[in-house]
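Each of the two complexes below includes chain A, the first together with chain B, the second together with chain C.
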Partner chain A sequence: MLSPDVSTADPPRVGRLERLAGKLPFRWWMALPLVLLLGIFVLYPLGFSFYLSLTNYKLTTRNLGYFGFEQYNRVLTDGDFTDSLKITLTFVIAAVLIELILGLALALALQRQRFARNVTRALLFTPMFVAPVAVGLVFRFLLNQQLGLIPNAIAKLGIHIDFFSPNFALASMVLIDVWQWTPFMVLLFLSALESLPKAPFEAARVDGASAWLTFRTLTLPMLMPVIGIATVIRVLEASKLFEYVFVITNGGPGGSTESLQFIMYQTGVRFFRLAEASAMAFVFLAVLALPIIWMLRQVRKAEG
Partner chain B sequence: MNDAAPGTRLTPAAEAGRLLLIAMAVTAVLVPLLWIAFAAFRTPADLTNPGSFAIDPTLDNMRDIAEGGIPGAALRSIIVGFAVTIIGVFVGALAGYSIARFRTGGIPLRFAILFPTIIPPTVLAFPLLALALQFNLSDSLIAVIAAHLTIVVPMITWFMTGFFASVPREVEEQAAIDGYGPFAAFWRVVVPNVLPGLGASALLAFMMSWNELFYALVLAPGSSQTLPVAISGFNTFQGVKLGPMSAALLLTVAPVMVLSFVIQKRLVRGLGGSGVKG
Partner chain C sequence: MNKTALFTSAALAALLGWAGTAAADCAGSTFASPAPKDVSGTVKVVMEDVTDTDFVKAMIPDFNKLYPNVKIEIEGAAYDVIRDMQIASLQRGTGTQNLMQVDTSWVSEYDEAGFLEDLRPAIACLGDDYKYDDFAASFRKIGQVGEKVLGVPFYSYPTGFVYRTDLWDKAPETLDELVASAIAKKTDKRAGIALQQKQGFVIMEEWNAFLLSSGGQLRKEDGTWTIDTPEARKALEAYMKVSKEAAPAASLNWGFDETIRAAKSDQASALTTYGWVVPIVNGKDSQVPDKFALAPFPGGRGTGGTWSWGIPKNGENKEAAWAWISWITAPAQEKVRVISGGAPTRDSAMMDPDVWAKGVSEDYYKTYSKVAAAAVPLCLGTGCAEAIEAVGVEINAAVAGIKSVDEALAAAQSAAEKATR
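Entry: the complex of A and B
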């Protein structure tokens, strides 16, 4: 609206560029590398990925011709994708629920911990820093029916479980995820607990409220925002289940651990059908839209 | 004393339960890690006898992986990690400062930053693979570095925004009075104030790259494999390979555990500064 009169101005092209450079304010110069990086490595591939899902591109033929919505049709009508969606959802709900409850209990327990306080905390946080692929292999070894420490230990108690049999494999994936990611919940909850105002808790103590009553009426309501954020972060992360499956069960036995991320890898890389895999990725993204939108709304709220 | 938990005292039974929970958690965390460290120095005969804790300490497993593809993969992981960290810290610190001080880009830019970290990696991995094939960059470290930047740069930007926001504005006002331009003020006056945060972000960036499997697996499965891709090759899982596998896992996990102890305190502060606390 405040653009200069274009009809009279006719400066050389270089001059115009220089003026443009001068017009870009300091704050945008600072953000420019980020904007370029997001544009080249995120936005462009994202658009390209969507186009890819409308082709019949295979790693072998690399044909980029337009193919319509055929891939989406195939993904949505083929039972494999919906089966895998069910498996992934079961995994996500079980894992995040356990991590939430266990994480909250541990954060409350750690808040009162005095003896070896920092060492205990540092130790309990370690699993989330370990490469998930390494965690998968560690547990593959540890839970192996013939060679593993745990099946042999519980066999002495008379319990015989094959952790990677059709009935237990997905539960074992949940167990491994709980081992690795409960610490993330603990980290978020503990830092939130320690920033809560002290006064209401002092008042509760003076009034002689029990620990349980204090937790239910004071601590829990005040933690709700963090609990919400932690849950959504974990739901989004857990839905990417891949590493444990890739190194332990390879989707089996009988397809019982074929997570979405795993069948996309299978379809796109092992079977060369990159277009179909891209269509799966976009359907998956649509399924995740709800938690993603919720998450972005929280960001907007935090921004004020 | 001042860091005691607020509120009421626990009953003796509740206190016992609290201690039991912590003891169980510590055990659950330690046993798998120590078992692998232990296995890395055991012989195949000891390893295939699950009831036994016998050890006849051996370096054969270490020697075994030293001759295979693991050291090369570790070197490539270090190269990728350094490249990602250096570029990430540069890009993320500049943008984090801009967002913290001027709310640059507002909410749309914040969304754009979060987006690549929350979407499933398949959304970006497949087009990046097709593009890498197009530009003859498939199975190259460049493709992996580009993919890792999409998750590492947002993380650094996010954390640095929090750290820069905690630097008082007077610092720049004084710098302006002293005759510094905005770039010089940023570089010479503001950045020294956030060095601990910058260091923690760099360590975290390196760890994220070092641990990442999916992008590396899709983009560089062959002669350019990184360490996570290389150790995923142990999934054939023959009894005789248990020792070398444990040794390789130890090599992968140990450096990250050391780094994690360094950054944990800063991490909690970074989370608080970015408004994740709610």
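Entry: the complex of A and C
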């Protein structure tokens, strides 16, 4: 009987996969699933969308032939896009600024609250868990001149406001956004406030610093990184203004609430011009990327 | 069997086989027509949440007595999302909807994309009893592109003048008369007229009737847009005047629902809206029941519109879908639907004494027939859906005071041309 000669046996065979594995550092292999997912669900759609913006693709004609940068030319010379950009930026600046100030004020107040803390907080955070479409529908009726609680209540005080008039429609959208998303700011600021070190505040109190001085020189600087992150998140979210417009005003009156997301949806889905809608999206991405990168740098600086 | 008998049997079998094939193809149709009674399958459709959808739902049990193996699934949706849902379905290899409710301005674009089956061959095979020519000509035209029939009329929505008979001695006959009378009828508690002025297609359906009344038209037969015209200027000035002086305060964002609420709650003496709202504003839940009547839009011509039934090419169970369409739009079923309160599409239903007696009233159906005959489709041809939205933004901007009449019409003309570039 032959027995295997262990001493003369071939070294263990290294599989092709193992050889390949050896060529890349371990950390790259660990990142591979995420890279694949990003590639499939983010990079490919993004790349395809960019290619679409270089075509004249319509859902009805489906021509994927190269069209150059003509769609970008149309978007940038088209008054509708620039008007919508102004409307969106106005909305974003107004909404985020109010949410920031109101959110900070509420967070400071809640931090000092002693009675019914949990109930107050639960109630306060509720709006952000409601779908924006549902919020839009609720406000469509609340602000409605015929049925609305709010116009009728303020009319009793002798004040008559048409919330969907050309002068107020965009402000109404801001009001709705503030109602829904101020709690998000409160949540972030409250968590940050409660995790601040106590010692500097004790020292300030012992030194007799006023509340305003303490806030200005201690609380605010220490909160800056959180304020920066909260602002970036809300700017990104607010720039996606769509649902309120879709269910309440349809962009009106006279186009005064036509946000960029709304005209992109109209152009791409309702009017079938996907190529032009893609070009709009990339121009908007470029416009939005600059301030966001700047804000993130400020946050990094504030973190030291 | 002798040779003659064998030959005769073979010839008969061949003839029957040919006849069977011919029936299945139905001279060009991709599905059998009439649909065989044992056809089976599920028919899925997204329909607007309006009364006519309710009437149709109520008729499904009767349909199933004839076609027991066909299941009709109707999903209700708001107007704004119906088209989006259809587009999503039409982009797929196999659509999620195999029956579609197609609006006036969508037909040509769906045709350009090759989304819908041509139903003309199938209609031809239904025989004389179906009476396709019985559909009012203006409604029939909406579902047709060239020689093709892409949609069979389901229910209509031509614009008429809906007014309170206790407040108006007679309906206005000209646009000037409408404006003057509506302003005169306005009181502190009641508007002279409630308008659906919301931006986009909502205001367009209404303003277009003003445009037709002043002698204009949105688009010529050859596809040319005719918006920046003296007729349109007159129509827009008239619309702005009634909006400012006769409509309810703060109604710039009103859509159809708000105008109906105003009429039912005694807050408006008239509406320039779809003819089929008369039974609704006269309903038992109205504060002013049976006070409203229908008249042709001043000047005679109003905006024409129809929802049509179509079969998507990428849908399954086309015979089942056709069984439903051919049944629900047949004269007998149209009569049942109209008596329930549905909006008529067939001349025979509008002129049927039985419908007059059991439905709304003889006057109403006779007037509806006149309104239907004179109706001019809102917009036909490719680019309509976009143009209507875009022009509707500009008209609304003028009414809101954001743009002057001249600016708005010039911008509207340019926007419509852009839609068809």
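Just so it is clear, the second predicted complex is superposed on the first by the 259 of 304 C-alpha atoms of A that agree within 3 Å, B and C clash if a C-alpha of one lies under 4 Å from a C-alpha of the other, contacts with A are read in each partner's own complex, and residues count from 1 in each chain.
One rule holds for everything that comes next: a contact is a pair of C-beta atoms (placed from the backbone, for glycine too) under 8 Å apart; a residue touches a chain by one contact, two chains touch by 3 or more.
The shown structure was predicted, so the numbers you read here are calculated from the model rather than taken from an experiment.
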| item | value |
| --- | --- |
| Touching partner for A:Gln266 - first (chain B), second (chain C), both, neither | second |
| Contacts of A:Ser256 with chain B and chain C, given as first, second, both or neither | second |
| Which superposed partner A:Phe164 touches (first chain B, second chain C, both, neither) | second |
| Chain B versus chain C as contact partner of A:Thr90, first or second or both or neither | neither |
| Touching partner for A:Thr231 - first (chain B), second (chain C), both, neither | neither |
| Contacts of A:Gln146 with chain B and chain C, given as first, second, both or neither | both |
| Partner chain(s) touched by A:Thr61 [first = chain B, second = chain C, both, neither] | second |
| Set of chain A residues, in rising order, touched by both chain B and chain C | 59, 62, 144, 146-147, 151, 246, 248, 250, 269 |
| Touching residues (chain side chain C, partner chain A) in the complex | 80, 83-84, 87, 91, 109, 112-113, 197-200, 202, 248-253, 258, 261-262, 382, 385-386, 389, 393-394, 396-403, 419 |
| List of chain A residues in touch with chain B within their complex | 26-28, 30-31, 33-35, 37-38, 41-43, 45-46, 48-49, 52, 57, 59, 62, 105-106, 108-114, 120-127, 129-134, 137-142, 144, 146-149, 151-152, 179, 183, 187-188, 190-196, 198, 201-202, 204-205, 208-211, 214, 218-219, 225-226, 228-229, 236, 239-240, 242-243, 246-248, 250, 260-261, 264-265, 268-269, 274, 277-278, 280-282, 284-285, 288, 292, 295-296, 298-300, 302-303 |
| Residue numbers on chain A that touch chain C, as the complex places them | 59-62, 144-147, 151, 160, 162, 164-166, 169, 246, 248-256, 258, 266, 269-272 |
| Contacting residues of chain B [partner chain A, same complex] | 3-11, 14, 18, 21-22, 25-26, 28-33, 35-36, 39, 47-48, 50-51, 90-92, 94-95, 97-99, 101-107, 109-116, 118-124, 126-131, 133, 146-147, 149-150, 153, 157, 182-183, 186, 207, 210-214, 217-218, 221, 228, 231-232, 234-235, 237, 239, 242, 245-246, 249, 252-253, 256-257, 259-261, 264, 267-268, 271-272, 275-278 |
